[in-house]
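First subunit A sits with subunit B, and in the next complex the same chain sits with subunit C.
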Partner chain A sequence: MKPARLACLMLFVAAVPTSANKVYVTNEKSNTISVIDSDTLSVVQTIKAGRRPRGVLTSPDGKLLYVCASDDDGVQVFDTATMKLQRTLLSGPDPEQFALNAAGNLLYISNEDSSEVTIVDVEKNQIMARVPVGVEPEGMALSPDGAVLVNTSETTNMAHFIDARTFKPIGNVLVDKRPRYAIFSRDGSQLWVSSEVGGSVAVIDPHSQKILKKIRFDVPGLTSEEIQPVGIRLTADGKTAFVALGPANRVAVVDAQTFEVRKYLLVGQRVWHLALTPDEKYLFTANGNSNDVSVIDVAGLRVIKSFPVGAAPLGIAVSPH
Partner chain B sequence: MMKARPDFFALRRLFRIAVAVGMLIAAAKAGAAPANEAPANEALNIDIAFVAHARPPSPPFVLDPPPPGEGFAGANLAIQENATTGGFIGQNFALTDIELAEEDNPAEAVKPWLDKGVRLFVVALPADEALALADAVRSVGGLVFNAQAPDDRLRGADCRPNLFHTAPSRAMLADGLMQYLAVRRWSKILLVPGAGAGDALFAEAVRASAKKFGVKIVAEKPWTFGPLARARSDAVTESDALTFSRGIDADMIVVADEAEDFGDYILYRTSEPRLVAGTQGLTPTSWHPTHTAWGAEQLQNRFIRASNRRMRPIDYQAWAATRAIGEAATATRAADPQKIAAFLQSPSFNLAIFKGAPASFRPWDRQLRQAILLAQPKSLIGMAPQPGFLHQRSTLDSLGVDESESACKSKQVTR
Partner chain C sequence: MRRVAPIVFSVFCAFAAPAQAGGPPPSDGDWPCVQRRAGAISRAAVWSGPETPASRPDNEDAEYLLARKLASRRTPMAEAESLIDQFAQEAGADKDERLTRVFDKALELINAERDKVIAGILRYARGQKILAAKVREEAEKISDAQENQEPLAPDDLEKAHPELKWDKRIFDDRARALTAVCETPVLLEKRAFAIAQALQRRL
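Coming up: the complex of A and B.
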């Protein structure tokens, strides 16, 4: 019996290990990071983080995890192999969200309380520039070619375009109320910006800085006020977008070519941010008010599991390997 | 006699001129003009005046007196937010503080500013004065934003086409509270109106609201034991408080005491243990220091940094009015008050007000639709609309006077 069971276990281990990713969730109110295994779809570790952890991302090689510790005014760097805190980077006051360049050496951080974007050299822990933007800056996106940085300011209602090399502003696009999140399509031809209070997602041509399309959402049985788009994820083929709708407790599945909404998937309460596994098999959602994470099977467009994490989960990131 | 001498007023009064020049304007102008916007060569000036009486000193027994600059501080924070957005698109926002002495007449006091072309007034004034000001500036196309008076008549029979309200009406406040009582199934209340004129109006709003949400007023006992109960706190007052509600089978006492005379005093001094709500105890309000959800923490912190105190409801209401003007000016690229008024009442307007659902103006009475917080001094109890109260248009319209009930006859802005 015993050898047989061991053999079984070994077979199992041999069959899956390369596809397992780690998913990192920031729990804003319990000051922790939940580490999830994408194979077992369960929390495998809970790490203490700084105060009010919000934005989260991994380095391109997956070896480092960056976390905005908003109330500690710093970006924490964890070693993903040990999940030990390595160091804390300068960030400017109240870092909320951030983007990392492809080389992995520059962080572009939104400072929610001081209306600026801070650019930090990760290796030297040095502030390279501070760019004034609108009130309550939040969403941060870097174009795939690394040339254009975009920040959304929640109270000014704009997407601010910044030259990512000179750090000079190059344009501002007015969008609907309380823009929360910005993301470029993989080919850089589109910028998607969610407006939480405006209830819409603007698809912007980054070159002309014109709004190509405003996507609106209509969930039967819900008032328009309950539909508050926040996190967005786009598939690599440019065909599908997922939009978290906040207190509508749903993720909208949008055809990214026709901009039609195809489906609404019921997840936990006040869904904030989303993360796709690199193989695009699963989409994970951080549900802020129900304190859990939902897992969506991307091929079947079905919610297959929800499980508890810490208090007020907000940010979510997946390791690249 | 002073009415004939506006220049005298101008000399006497201290006008603080706060021109909020966003630090960001220079930075924004360094960038290229956005491709999808009109060229920002010609800067547009949007001038707003804030009008209120200087807060008189409060007697020493008032623990939390209205601070100097109440209301103005909120408008001033909003003007900085407007100016930041404006800086990116070539719009300059300026705010003037017209602080009135006790006896000053606002309609007279604004004349020098009307001459300078100011047409947008955010006011923290009593109902009659807000109304008189709206009438005085109407012929020149001026708009008045009421950030203080909760009087329902300003939204009803006495409404004006150029008078907007960011202060919730008493009907909205009472509805917020009654929804909560209905959800809790605390359906029997003892209503205790005070002697003030506002108390009678608040009590009236509670009666209407109780009927609307199926809460029963099992008894009504006016507070007749004289003013300043809390300040006096003598043996007679204490025995009055003990006995006046004896034997009434109510879940809760709802007090109408806008002067803060007795509402706090009743709590813990009745013969049977009774919760207190209304103007004291559990209060419905537009804003509260304990409210931090929906991004409110950012607004609370910004306000504290700018003013070294907590944001109060009138600050918030003045903030919302000034932000609404800013949003309308930005969206319409106009400073023309008629364009702003039309846009504010159109379905295109909405405003993020840090209470979840976006705010908008009801076109039938120009009242800002907004959620109502339910709070006791150190804790937030809830927010209305409470779940389950539905409305065919917006759940926010479950609070206050609906279109079909409105006594307001001017539904469109006309000059």
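Coming up: the complex of A and C.
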């Protein structure tokens, strides 16, 4: 290859971003969604959402964005190409967090005020089932094989296991106070549940419904009340977990095999939820009190940037492509 | 059944709905804010820089002056940033140590202000409780006096009992002001974090 052509090709390669994903942040108090470009690490768009937007996720193909508009009692569906609101789905009262199945046609929504999980057919906008759970349901997770649905209830302090096909309850696991978030490992062998007031994360074997390990956090100089785990993200290889610690203003980096905390990273104030880019290069954190988003370089385990978004950012999701 | 005039009923409703006035958490009866009452801002919650230097220099006037300006919410963040820049440039070989001292002093000042605000909120909450009891008592007296009588229209009732009207108005005004007052400790936490970040960027 001639040098000039090689140089030209290299220039082209350099100019094409390889990992540009969109990151969506729900701003609970400004009723907006901030759209972030994962290449430039900056806000590229701010969209008006319903009242008190909280839970957020994308469809498996990345074409749709779902947002829990909690005070409007609906789930808003945005077209990610145009960021225009397409429609609002039924959700039951006060939808807070939710999960979507792999096919992208069923939403499992926790209704904080009515102590239920509502299952909605996304295409038909039809409620398929309403499952009574504990008081103040919040975290929702679907096992990777789609068989088991898990909901956490903040006041009952349980992870409720529900058969995702029959919508019948199949078990409860008692965890520490105020469980806020649940997530399955990629291979489905573990369920991680964070307890905000209990200050711990329970790692549960979903088959036996036994707690394998309770991870506790000890940030030097902070009181235990200041450590309130909420959002969790696990890397695909199952080796690392990131746990947002709320008013500790830190993200804990946990060895997901030994369950030892490796590091605490200072991000923004009142860190709620987390999102990993699909290439796992970056972890984004929604910081509810400092009204910003911090970016963690996953390989280097350091915070590389923080930038402002709307008021009280809470939920965060990354487009899959 | 005893008939209760509308204003008396509305007074009862106002005191029966604590969420409107902030909603004291069950563990902290006097705390009137929606925001959780938290202790002093921990150093570690906002700072991941060096430890507090063990030795104290002879003269810390420059550090103290800067810390006072940074702690004051009257100093806009842009101005705070340029003051820190200027200080860092002139700080010499002990720059990190001196910036850490500035942070420690600024945090001390912000925490002191926050303590005062929280004490004020608690005083205020106790005052409201006393006022609420007084209004409730007045309303009950009026209600008792009206037993077996045709209830007065709200306007007439207010004219007949001006003390109830005024106490209720004071209570309502204070309850409205509470939203802003309750936000102050949170604003101070934000200020401490922003100042800590700005100082750490210059280390």
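One rule holds in what follows: the second predicted complex is superposed on the first by the 303 of 321 C-alpha atoms of A that agree within 3 Å, B and C clash if a C-alpha of one lies under 4 Å from a C-alpha of the other, contacts with A are read in each partner's own complex, and residues count from 1 in each chain.
Following the convention adopted for this analysis, contacts are C-beta pairs under 8 Å (C-beta built on N, C-alpha and C of every residue); 3 or more make two chains touch, one makes a residue touch a chain.
Since this is a predicted model, take the numbers as computed values, not measurements.
With both complexes brought onto subunit A, simultaneous placement of subunit B and subunit C is prevented by a clash. Note on subunit A: of its two partners subunit C and subunit B, the one contacting more of its residues is B.
Of the two partner chains, subunit B is the only one that A:V133 touches; subunit C does not reach it. In the superposed pair of complexes, A:P169 makes contact with subunit B only, with no contact to subunit C.
Of the two partner chains, subunit C is the only one that A:P220 touches; subunit B does not reach it. By the touch criterion defined above, A:M158 reaches subunit B but does not reach subunit C. Of the two partner chains placed by the overlay, only subunit C lies in contact with A:N249; subunit B stays clear of it. Of the two partner chains, neither subunit B nor subunit C is touched by A:G300. Stretch 60-68 is the one of subunit B that runs into subunit C, the other listed stretches 6-14, 24-32, 60-68 or 96-104 having no clashing C-alpha atoms.
Looking at subunit A, you'll find residues 223, 225-226, 247 touch subunit B in one structure and subunit C in the other.
Within the complex formed with subunit B, the subunit A residues making contact are 112-113, 115, 131-136, 153-158, 160-161, 168-174, 177-178, 196-199, 208-211, 223-226, 228, 247.
Within the complex, the subunit B residues that touch subunit A are 23-24, 27-28, 30-37, 80-81, 84-85, 88-89, 295, 298, 301-302, 327, 330-331, 350-352, 356-358, 394-396.
Against subunit A, the residues of subunit C that register as touching in their complex are 38-39, 42-48, 186, 189-190, 193-194, 197. Residues of subunit A that touch subunit C in their complex: 219-223, 225-226, 247-249, 266, 268-269, 289-290, 306.
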